[in-house]
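One structure, as structure tokens, below. Some questions next.
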Amino acid sequence: MRKIRRWGPGLLLVSPSILLVAIFVYGLIGWNAKVSLSDWRQAQQTSGFDTSAYGELFPSGVGELGDYAGAVITGKQSDTLSTDPAWIIDLHHALLFTLAFVLGTLFIGATLAFLLDKGVKGEGFFRAIYLFPMAVSFIAAGVVWRWLMNPAPGDRSTGFNLLFDKLGIGFLANDWYLGPTWGAAALAIPAMWALSGYIMALYLAGFRGVPEELREAARMDGASEWRVYRHVVFPHLRPVTLAALIILGHISIKVFDLIVAIGGKQLITQTPAVYMWILIYDARDYAKGAAIATLLLIGISVLIIPYLVYTIRSERET
Amino acid sequence: MSSTSVAVDRTVGLRRRKQAQARVVKYAALLFAAVVVLLPVYVLLVASFKGAGEADPSRAWALPQAWTLDAWREAWNGDQYGLFPYLKNSLKLVIPATIISTIVGSLNGFVLSRWRFPGADLVFLFLLFGMFIPYQAVMIPLTQIFIDVDFPEGIPRLAFAHIVYGIPITTLIFRSYYATIPEDLIEAARMDRAGMLRTYWSVVLPISAPAFVVTAIWQFTSIWNDFLFAVFIVTDPASWPVTVALNNTTGSLVTPYNVQMAAALIASLPTLIVYILLGRYFMRGLMAGALKG
Amino acid sequence: MFGRLRRDRLGRLPRATVLAAGLVGIVVALALPAAGFGHQTKSSASCELSVFSWWTGGGEAAGLTKLIAIWNKTHPTCQFKNEAVAGGAGSNAKAVLAQRLAAGNPPDSFQGHAGSELRDYIKAGQIEPVDFIYKQFGFDKIMPKSLINQIRYKGKLYSVPVNIHRANVLWFNPKTLKQNGIAVPKTWAQFMVALQKADDAGLIPLAMAEQWTAQHLLETVMISTLGPKGWAALWAPNSASKWASKSVTTALNRYNAVLGYTNSDAASLTWQDAGKLVTDGKAAFNIMGDWQDGLFSGTKAGGNFALKPGKDYGWAPVPGTAGVYDWLSDSFTLPKGAEHRDQAIQWLAFLGSRLAQDTFNPVKGSIPARQDANPKLYGAYLKTALSDWKKDTLAGSLTHGVVAPAAWSTDIGTALGLYLQSKNVPKFQAALVAAAKKNAK
């Protein structure tokens, strides 16, 4: 009885949150999953069970798996696959975008934090500048970046291509988000611009959370500054990197406003999140839209569950 | 001068020079990064001071031929989509929603890290998973729930949605932060026969400022910049927050880019102010392990 | 590290402040509904009219404002709620609308393209037939019969058209053409010659913009090749075989050839950018709907180009489509369960009136659906459109929701997107046939 008195109040305090999340998150996920397995492919809501929505998104057998993976990785349309070709292209774009965005933002953020770590004059000034992009709405940022990444050739060039030309580095001019191979990675640039400051802040805190005594001790032992970083500081940053990976990964899969502001709903810049929108609100193919939502959710879970397990376990150990 | 002291002087001088070089390189890199980050902001600013015909993608870099505040005036007060009335709506939305969701997160984080109960970790996982749901897919049933229970229309619905969907991230931040509190502090309170709420009030809350600030900054930014929930949940145009009005500066025939960019800058100012004012606290909050996990 | 925190004065947040902030937050949040924020009381007794559209900018918004002004004068006690949401030809608006209709919370009237685009709403039972409005106010007598027939679904009418736009218009710059000795083409063969001449002269032969304008171009090419009857046959039930026909292959091959004359950065342009290429003398031709005229001739203050029709820009039917009006129409509906049904009916009756259509359309840059418009109110291009509307054969637009319901249009869009990447015509045709098999019901 005394035990319940100990933890009872705690459970009571979080119970509203549990209830709300149960209804508004899991209830809706359940609704979504149910729709994805229904035959609600047009405006009429019906109650039949139908896996055709998933059928269009997955390879039809183990035999197709190789083709499927190849098509997603290279982005080349395949003649033999039975899956929805738009979905393959979306996955390809999502892959490129996610890799570029996550790795790029991590690298830029970590580097900026590294540069600021030892303290520089005007650190507050630099920090505010790097953080500001996050304050600008993606809709507006998308319009500006569409201007900057304009692929117009020759004398019609504007944006960065024009700037490169004027600065004498015209060879850097390229097709940006219309580029056939790396276009989706170019779409990640505005997202990197927006989030690098926040990741920098995360890493900066991580750097500064390392007790100075540890660094001093290593220096006393004769380690060079670089080795101090490598063996003392960087291991401390693992949790920061994981947190950053999760934040960036989930933004990357859900990003919608930015993509639409730059490329509209065209196939050439389409991602799964955009396709989901088109299916639900334009084509009224609710089952397929819901199926994509479910797959996105599962995809993100694959990213986060290891992190969560790691977090909880490492807490138990301390 | 002995040879050793000369040698020492030389090494010291060498190290100082290397440090100076490193510092120059560091500043150069930081400045270069700052310039690159500010390039789009430059384009935004410059376009906002141009007249209706001038603000054009082909003239993105050029300074205005005729500087004018027309776009700013239109963006602030224009009869079509002047942002000013909508700014009030946004503030009425963001301030209560941020305050409530940070408090909820703080209480949750406290319980799940320091006043645990059997299954607390599972509950944490349960709450956290909610972060990753793609919202576009659930707008229809979400709005249906609001209608079915006849929830007060407009901003209250939107605030409620942000509070609920903010539970995962606010709980995460606070839980990570409170995990760094030494156990002896909590134990001391327990020894004094303090119950859960008294412990929270007297031990935990006083040192929570940095975490409150970190959470508040994240929530403020997300709620302020959200478009999806706002456009779906708030049906009465008079109650729209600023992001919907900003989006409406796009016409389907002509987009007045100068007005749109002035509006974007206006819309980003409150968040920027929040960043600057709380920036110092932000760093401390992070330092104390708020987001380290 | 914790020791540092304890001694840190910034950490000592006065608890009173936190408590106060928390109480304020809760009280404000709870008080908002009490203060009547967001109307709670659904007073169906009071007079109100909520109209949903995507007319948020330029001539459309201006035209709508004028209509609202007239409405307010004739209905002084009825508050007009302009629920316009912007976003790419209504894509945001349509999404919000879809959600509101699904949630049973419809506006009193909403905008939609007349024709098949409304089919999803009809099938879901979300809008009412409005035949009685046509009969009562004589719209069935004053709007073209072929128009009315083309928007009937299972014999009933479901919206009142406010305006008519034409999609098959070829825009050009007379000075550019004269300078390079290019004649305005009338047949397809002449068009290919003209395009080649422009290419040789270093111009962009045909300016094109993002994917939907490619679809727009496609429909004009198909209408040009198949003619209005062949075009209509593609959209009849069970028309898959028509899509597999040789004439469609010819049309697609022509399309393929024409695409070779477009600018490589098309996907990054808006339709306005493409139009500007023509007026700036960088491109020879552009095929776009006649909202291009509003952009070309409209005021500079409104963000338009303020050019002189006939001098700075010219127009002609897309080669091979003379005498065919590739039409689309913005129209308004009567949702089922509209809170203020009577006002909605009055709104629809008003929209179909000569006063409303002659007020809205000159400002918007389109022509009335009615055939009794006063030509004096309209600009140079629109005058020619008015006379063509009286005599041309009608062909419904694909890109703008007349002939194909949303799902079919999306499937065609996907097939087109894939084709634009691969430029494989047989595959494209096969995909179009498959789309027809799936959707032609």
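Residue numbering begins at 1 within each chain, and the chains themselves are lettered A, B and C in the order written.
One rule holds for everything that comes next: a contact is a pair of C-beta atoms (placed from the backbone, for glycine too) under 8 Å apart; a residue touches a chain by one contact, two chains touch by 3 or more.
Every value quoted in this text rests on a predicted model; they were computed, and no experiment measured them.
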### Message
Edges wherever two chains touch, nodes for the chains themselves; is that graph a line, a ring, a star, complete, or other here?
### Response
complete
### Between A-B and B-C, the pair joined by more C-beta contacts
A-B
### Whole-Å gap separating subunit A and subunit C, where each centre is the average of the chain's CA atoms
33
## Note on the structure
In whole angstrom, the CA-centroid distance of subunit B from subunit C equals 36
### Query
Roughly how many whole angstrom separate the Cα centroids of subunit A and subunit B?
17
### Residues of subunit A touching at least two other chains
146, 150, 156, 209, 277, 280
### Query
Residues of subunit C touching 2+ other chains?
1, 88, 95, 98-99
### Query
Among the residues of subunit B, which ones contact at least 2 other chains?
57, 247, 288
### Query
Across the complex, what residues on subunit B touch subunit C?
52-53, 57, 80-81, 92, 95-100, 103, 139-140, 143-144, 147, 152-157, 159, 180-182, 201, 205-210, 212, 231-232, 234-237, 239, 244, 247-256, 281, 284, 288
#### Entry: Residues of subunit B that touch subunit A when the two form their complex
26-27, 29-30, 33-34, 37-41, 43-44, 57-61, 104, 107-108, 111-112, 115-118, 120-121, 123-138, 141-142, 145, 161, 164-165, 167-168, 171, 179, 195-197, 221, 225, 227-228, 243, 246-247, 257, 260-261, 263-264, 267-268, 271-272, 275-276, 279-280, 282-283, 285-293
### Task
Spell out the residues on subunit C that touch subunit B in their complex, using ranges where they run on.
1-2, 5-6, 8, 10-13, 15, 18, 21-22, 24-26, 28-29, 32-33, 37-40, 54-61, 81-90, 92, 95-96, 98-100, 102-105, 270, 272-273, 291, 294-295, 298, 300-304, 365
### Task
Would you mind writing out the residues of subunit C in touch with subunit A in their complex?
1, 88, 91, 94-95, 98-99, 120-121, 123-124, 210-212, 263-265, 267-268, 282, 406-407, 409-411, 413-414, 416-418, 420-422
### Task
Could you pull out which subunit A residues touch subunit B in their complex?
7-11, 13-14, 17-18, 20-21, 23-29, 31-32, 108, 111-112, 115-116, 120, 124, 126-141, 143-148, 150, 156, 158-159, 162-163, 190, 193, 196-197, 201-202, 204-206, 208-209, 239-240, 242-243, 250, 253-254, 256-257, 273, 276-277, 280, 289-290, 292-293, 296-297, 300-301, 304, 307-308, 311-312, 315
